[in-house]
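Down below are the structures I want you to see.
You will see two complexes here that share chain A, one where it goes with chain B and one where it goes with chain C.
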Partner chain A sequence: MAARQGNSVLGPQSSALTVRRPFWTFSRRGSLTGYLLVIPVCAVLLTLVAYPFFYAIVISFTDRVVGNAGHWVGLQNFRYLWNFVSFKRALTNTLTLVLVSDGLKLVVGLSLALLLNERLRARGMFRSFILLPWAMPGFVAFLTWRLLFLPIGGAFNLILTQTHIHAGIIDWLGQRSTAMPAVIVATVWRGFPFWCISFLAALQNVPQEQYEAAKTDGANAWQRFWFITLPSIRHVILVVALLSSIWTANSFENIWLMTQGGPSDATMVLPVLAYFGLASQRLGEAAAVSVAIIPALAILVFIVAALLQKD
Partner chain B sequence: MASVTQPQIGIQAAERAQVQSRGRVRAVLTYVVLAVVCLIIIFPIYWMVTISFKTPHDIYRAPSLVPHNMTLDNFRTLIVKKRFLTNIRNSIIVATSSTVISVTISALCAYSLVRFKYRFQGLIGRLILLAYLTPASLLFIPLSVIVARLQLGNSLHGLIIVYLSFSTPFSTWLLMGYFRGIPADLEEQAMVDGTTRIGALVRILLPLSLPGLVAVSIFTFTGAWNELLLALIFITSENKRTVPLGLQYLITGDTFLWGPIMAGAVFSALPVMVLYFLAQRFMVQGIAAGAVKG
Partner chain C sequence: MSGTARVSRRHFLGGIAGTAAAAILAACGGSSATNTPNAGTGSTGSAAPTAAAAAATSAPVATTAASGSTPASTAAPAVISSTGKMTYWGGLIFSDDANNLQVQTIKDWGTQNKINIDVVMINQNETNQKVAAAVTSNTMPDALDMGLDLLLLLSNQKQLLPLDDTYAKIGKAHGGWLKAVDTAVDPKLFGGTRNGIPYGMGGNVLFRRTDVLKKAGFNDAPKTWTELSDMSEKVTKPPLYGMAFAISNVGDGNDMVYIMQSWGGRVADDQGKACTIKSPETKAFLQWVTDEYKKGQFPPGVTTWDGAGDNNAYQSGQAVFIKNTGSVTIWMRANDKDLLNNTLYSAMPRGPKMLVSPSSPVIRGVPKTSKNPDAAKALLEYLANKEFTQKYYPLAIYGPVLQDETTYDLFKTDPVHIGLADLVVNGTAPAFPDVSNTAYADFNNNYIVPKMIQRVVIDHYDLDKAIDEAQKSGDAIYAKYK
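And then the complex of A and B:
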C-alpha cells in the first residue's frame, strides 16, 4: 500500500530519480525511516513483553526463590501443582468464573443491545447510562461491591431484613456457597457494558433492507433474529467473547478486592494464587501457576488475533 | 365500489389498532426492562456515594437506604489522616508519564506500520496485537525479577516503565485503526510539495487525527490510573502508593474504614468517569469499525 503511495507521490519524476540514484531511491529511504519509527515500540515489546514471557517459562522449570536463582528442576513444579489442592481449586474456579460470568455477559449484553436497537425515545441517554459500570475504575467497582455484600453496613443485608424476606444476616463473601456467585455478579455488572455496546454498534451496521425483505416474505421476529441478525453480528460476538474470556481468566482485582481467594479457596483463581506464590517468595512455583494456563490461553489469543487481523 | 372498499378499510383500521396496541404493550415492557437495568446499574454507585457522606454510626449502627446526617468527615479523614493526596499525586505522575511516553512512541510506530511498506511489517503488526492480548498476570513474576535486577523496585519511574508493557501495545493498536481511517491523499500532496515523511506526520496526520489521539490518551491514562496488580508488587513504601494501592491497604488495615474508603472511591472515580464519557463516542466507533473488528 505504501509502495503504491510512493509511486503516486513521486509520479513523473520517480523514473528519473531511480535512474540517477539506483541505490538511494525514495522507497528505500522510506523503508529506512519506517524501521526507525518502529524501533522504540519494538524495544518496549521485546524487553517488557517478549523477554518476560519466555523468562516466565524458564523460571517455571527452576526452583528459584527470591534472592537465589535456583536450579533447573524439570517438571517438578508442575508435578507439585498437580497434587496441590489450592491449584486444582484455582483451576476449576477460574474456569467457572470465565464460563458463567462471560455466559451471563453474553445473554445480558445481547438482549439489552437488541432492546436498545429498537426505535426508542431517549436511546442515547440509555446508552450512556449503560456505559457507567465500564467507565468506573475496576478497583472502585469491586470495592463498592465488597461493601454491598458486607454483613454490617452492606446494602443487600439491609434490604433483605427491612423487607422481611430474610431475617438473619448473610455473610455473602464469607461463606463458601455464596462467595463465588457474589464475585460473579460483580464481575458481570462491571463487564456487560462492553459487550452490550459492541453488539449495539454491530447491530446498527446490519442493513435495514434485509429486515424489510424478510418481513414481506413473512418471516416472524424470531426467524429474522436467527437468519439475519445473528449471522451478521456473529463475527463481533466471537471476538468479544474471546477477548472477554482472556480478560476474565486473568482478572486479579475482582477477586483480590472482594475475597482475596477466600473463604478457604472458594474463590481462589490462578492470578491470585500466582500472586500469593510471589508474595511467599517461591518464584518457581508461582511462575508455574501462570505458565500452566499458557496453552489454553494461547489458543484463545491466536484465534482472536486471526479474527482481528482478517480485515 | 365504495361499499366494497369500506369494510376493507374498517378491517385494516382494526388491524392497525391491534398492531398499535401490541406495539404499545411492547414499548411499555421495553421501558420497564430498561428502567430495571438502570436501577441495577445505579444502585451500587448510589450506595458508594451515600456511604462516603455518612457517619460511622449511620453506616454500621443505624443503616438506612436514604442518608440522614450528611458529613464531610470521611473526606477529611482520607485526606488529612490517610494522606490520600499523596496517592493522587503519585497516580497523576505515573499515569501522565506513561501516557505521554507510550502515545508518542505508539504514534510513530502506528504511522510507520500504516503508511510505509517494508519487510517484517506484517510480523511487527502481529506481534503488537499478541502483546496487547498478553495479560499482565502472565508477566508479573518475571517482571518482578527484572525490575529487582535493574534496581527499579519501589520507585515511581520503575512503575512508569513497567506500565509501558500494557499501554504501548494497546495505544499502538488503537492508533493504527485510527490512522487507517484517514485518507493518505493530503500527506501525499504535502510530500509532492517537498515535505518530509516526518513533516507529513507532524503537520498533516497528527492534527487530522487529534480527536483519536485525545481518546487514545484518555484510555491509556485511565488504564494506568486503574492498575492495581503491578503497583501492589512493585511499590512497598507508603509515600509511593498510587490511588488503587492506597485504597486496597485501607481495607486490609482496618475493618471499619468504609466511609473513608468510599470517599476515596468517589474521589478517584469522578475524574476518570468524566474523561471516559468524553471519549466514549470514539470507543464505540472504534468497536464498530477499527479497534475490535480489525
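And then the complex of A and C:
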C-alpha cells in the first residue's frame, strides 16, 4: 500500500526507489523447500530418538513404578544405586567388558581384514564365511558358547581332559577368574566380523601407489602398515570402535544367556542390572541404571568426534 | 489483483487449516463415537455382569450337562458382552501338552461365544518384564496368568480388576477353595479385594534317586536338611552329585531363602518393614550350605545355572537330590522310564528351627484396562470347570486349588500329584515365616540370598562379611517401601 501511495503521489521517478524485492525470491523458495524436505526426518528423529532418550533421563529422576507415574525424587535413585553393591560391580564390569572385548575385536578384526585383503585362494568364500558369527542370531550363538563352557560335558573341558592337559573339571562360567574371560571370548567371537568387514572395505580404498612408493623407498612391511595402512583407515577404526563400544555397553543377551550376571556379580553389567530393576517394576531405578552409562558413552562420543574433527 | 490473490491464498490456506481441523475433530469425534458403545457398555454395567454371569454359568453347565453330572440349562446361552476380540497371556510351562490344551480350550470357548481370542504363551520368567512394558504402554491383555509376586505388585498399583464375585462363584460351584489357596490370595494382602483366580498350586517336591540311595543303605526320604547332606556326602561321586540345588541369580536360586528360613533366619521383621537377615540363625545356615558346597556336594555350575539347571542335572543322571515342581517328571515319563522308576518324591526336609515348604498358587487375573472385563471374567469362570481341570492337572504338574479337585483320582494315585496335594495341605504359606509384601518380592528379585552364598563360595568372603553385605542390600531395599 505504501508503495502504491508513493507511486501515485511522487510519480514514477520515486516509485523506482520504493520498489521492493518480492518476498518469495528464488533462493527463499529453495530454502523453504529444503526445510520442508528435512522436516519429516527431524520429526522421525525427534519422535524415535530424542523423545525416548530424554524421557528415560526424566524417568530416572522419578520414583516411577509400573502403573504409577511417580514423583520427582532428584538424585534419590542414583544415591540408592551408588549404595547398592551390585551397581558398582556392574559399572566396573561394563567398562571392563567394553574395553577388553573391543580391544580384542580390533586386533582380531584388523588381523583378519589384512589377511583377507591379500590375494588368497578362495578369498571370496572366506570373506563370506567370516560374517557367519555376526549373521547368527545372538541367542543361538551365546547358548552354544554356554554349552561349550559347561563344566560337565562341555567341549572345552572334554578337550582338556581327553588330551590330558588338565585332569579336573573347570567350571568356566561358575568361578570369578574365568567367568568374565569366557563371556568376553563369546562376545568377541560374535562381534569381530563387523570390525573385520568394515576394515576390509576401508583397506580396499587405500591407494596401492602409496605402498609401491613406500616399497621403492625401502619401507618394510611393518613400516608400511604403521605409516600407510593405519593412518588411511583411522577414520573407520574410530567410527567402528565408537559403534561397537555403544553396542557392547548395552549388550544384554551375551551375559544373560551365559551367566545371568553371576557368579557373585562377576559378570554383572548395567543392562542386566536394569533388567532386574524392571522385574521389580521399579521403572525409575531401572532407568537410572541405564542412564548411568550415558556419561561414559558421551565422553567416548566426544573424544571420537574430536579426533574425527581434527582430521 | 495481487491483493485479491493474497486474500484468496489466505482463504485457501485457511480452508486447508479448517479442513484439517475438521478432520482432527472428526477423528476425535470418531474415537469418542467408538467410545460411546464402550461407554454404553460401561453404562449398562449393571446389565453386563448379569449377562456375563449368565453366560459364564451357562458354559460350564453346558459342559457338565454333557457329561451328565448336572442338569442342562434350558435357557438359551446368554451373549457375553465383548468387543469380539480378546487377548490372553498364558504362562508357558514345561509341558507342551498342558500348554496346548490351555490354548485350545480358551480358543474353543472364544469360538463358542463368538469371540476371537488371541492366546499368547509367555515364558513365566519374563512375565514381570513384559507386564511392566505392557502397563506402561497401555497394551495389557484382557486376562493373564501370573505368579503371586506379580499379583502383589499389580494389586499394589491398582492394575487389576477385583474378582471377588467370580472367586466366590467358582468356590461355591466346586465345594469351596482349599484353605492354603484361600489364605494365599487373602484380600488383606492385596488391598482389600480378591484380584486373582488361582488355578493350581505349585511348589517344590524333593526328588531322590532310590537306586543310588538304596545301594548306600538309605531307604527313606531325609527328614531334615542335615540328614539330606549326610546322605548326599555318602553318595556323591563325580560326576554324580548329591545336592543339585541352584545357587544362581534365577528363581530357583531363591529356594535357598526358605531353607534359610527353616534354620530360623529371617529376611525381615514380623511387620515386614525392616530387613533382619543378619542373625545367628542366618549364619548357621550359611555355614552349613557353604560347607557342603566346599565338600563338593553341589554339581559344578550351580552358581550360574539357569532355571533348567536342576532338570538337566537330574535328567542326565548327575544328581541324586533335586527340588523341582514336577517338570522333570513330565520329561521322564516321555523319555526315561528307568529314571522315572528309580525316582521317589517327598516333602521338603525340616531345618533346625522349623519346616518351611512353601506352596504358591498360579493365578489368572484381569487387568483393569481390559476392554472385555465381563468376557474375561466369564472365561476365568469357565476355566475352572471340571472337564477342563481333570484333563489339565495330569499334564500340568500342579496341586489342587478347590475342594472338589482333591477327589480326582490323580491326587490319590500319581506320586507327584500326591506330593503336590500334600504340599497344599501341609505346606507353608508363601514367604512364611516372613511377610509377603512388595519389599520381600523386591528382595528376592535381587537374589540377595543366593548372592550371599556366592560371596562365600566364589569370592571367599568370610560369613560375617557376606551377611553384612546382604543386610546392607536388604536395608536399601526395605527402606524404599517404608
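Heads up, the rule we're going with is that the second predicted complex is superposed on the first by the 248 of 311 C-alpha atoms of A that agree within 3 Å, B and C clash if a C-alpha of one lies under 4 Å from a C-alpha of the other, contacts with A are read in each partner's own complex, and residues count from 1 in each chain.
Note that contacts are C-beta pairs under 8 Å (C-beta built on N, C-alpha and C of every residue); 3 or more make two chains touch, one makes a residue touch a chain.
Since the structure is predicted, the reported quantities are computational estimates derived from the model, not experimental observations.
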Looking at the overlay, does A:F84 come into contact with chain B only (first), chain C only (second), both, or neither? second
Regarding the shared-chain residue A:N205, is it in contact with chain B (first), chain C (second), both, or neither? first
For A:L104, select first, second, both or neither according to whether it touches chain B, chain C, the two together, or no partner. neither
Contacts for A:L278 in the overlay, against chain B (first) and chain C (second): which applies, first, second, both or neither? both
Taking the superposition on A as described, I'd like to know which of chain B and chain C A:I233 touches: first, second, both or neither. neither
Of the partners chain B and chain C, which touch A:L270 in the superposed model: first, second, both, neither? first
Please indicate which partner A:I152 is in contact with in the superposed arrangement: first for chain B, second for chain C, both, or neither. both
With both complexes overlaid on chain A, does A:G261 touch chain B (first), chain C (second), both or neither? second
According to the stated criteria, A:A113 is in contact with first (chain B), second (chain C), both, or neither; which is it? neither
State which residues of chain A lie in both footprints, the one left by chain B and the one left by chain C. 150, 152-153, 275, 278, 283
Given the complex with chain A, which residues does chain C contribute to the contact? 128-129, 131-132, 135-136, 153-154, 157-159, 238-239, 248-250, 299-304, 306, 316, 318, 441-442, 445-447, 451, 454-455, 458-459, 469, 472-473, 476, 480
Chain A to chain C touching residues, read off their complex: 65-68, 80, 83-86, 150-153, 169, 171, 173-176, 179, 258-266, 275-276, 278-283
Please output the residues of chain B touching chain A within their complex, sorted ascending. 30, 33-34, 37-38, 40-45, 47-48, 51, 59-60, 63-65, 102, 105-106, 108-109, 111-113, 115-119, 121, 124-131, 133-146, 161-162, 164-165, 168-169, 172, 184, 188, 191-192, 197-198, 222, 225-226, 228-229, 232-233, 243-244, 247-248, 251, 258, 261-262, 265, 268-269, 272-273, 276-277, 280, 283-285, 287-288, 292-294
Interface with chain B, chain A side, in the complex: residues 1-3, 5-6, 8-9, 11, 27, 30-31, 33-35, 37-38, 40-42, 44-45, 48-53, 55-56, 59, 112, 115-116, 118, 120, 126, 128-141, 143-148, 150, 152-153, 155, 158-159, 162, 189, 197-198, 200-202, 204-205, 235-236, 239-240, 243, 246-247, 249-250, 252-253, 256-257, 270-271, 274-275, 277-278, 283, 286-287, 290-291, 294, 297, 301, 304-305, 307-311
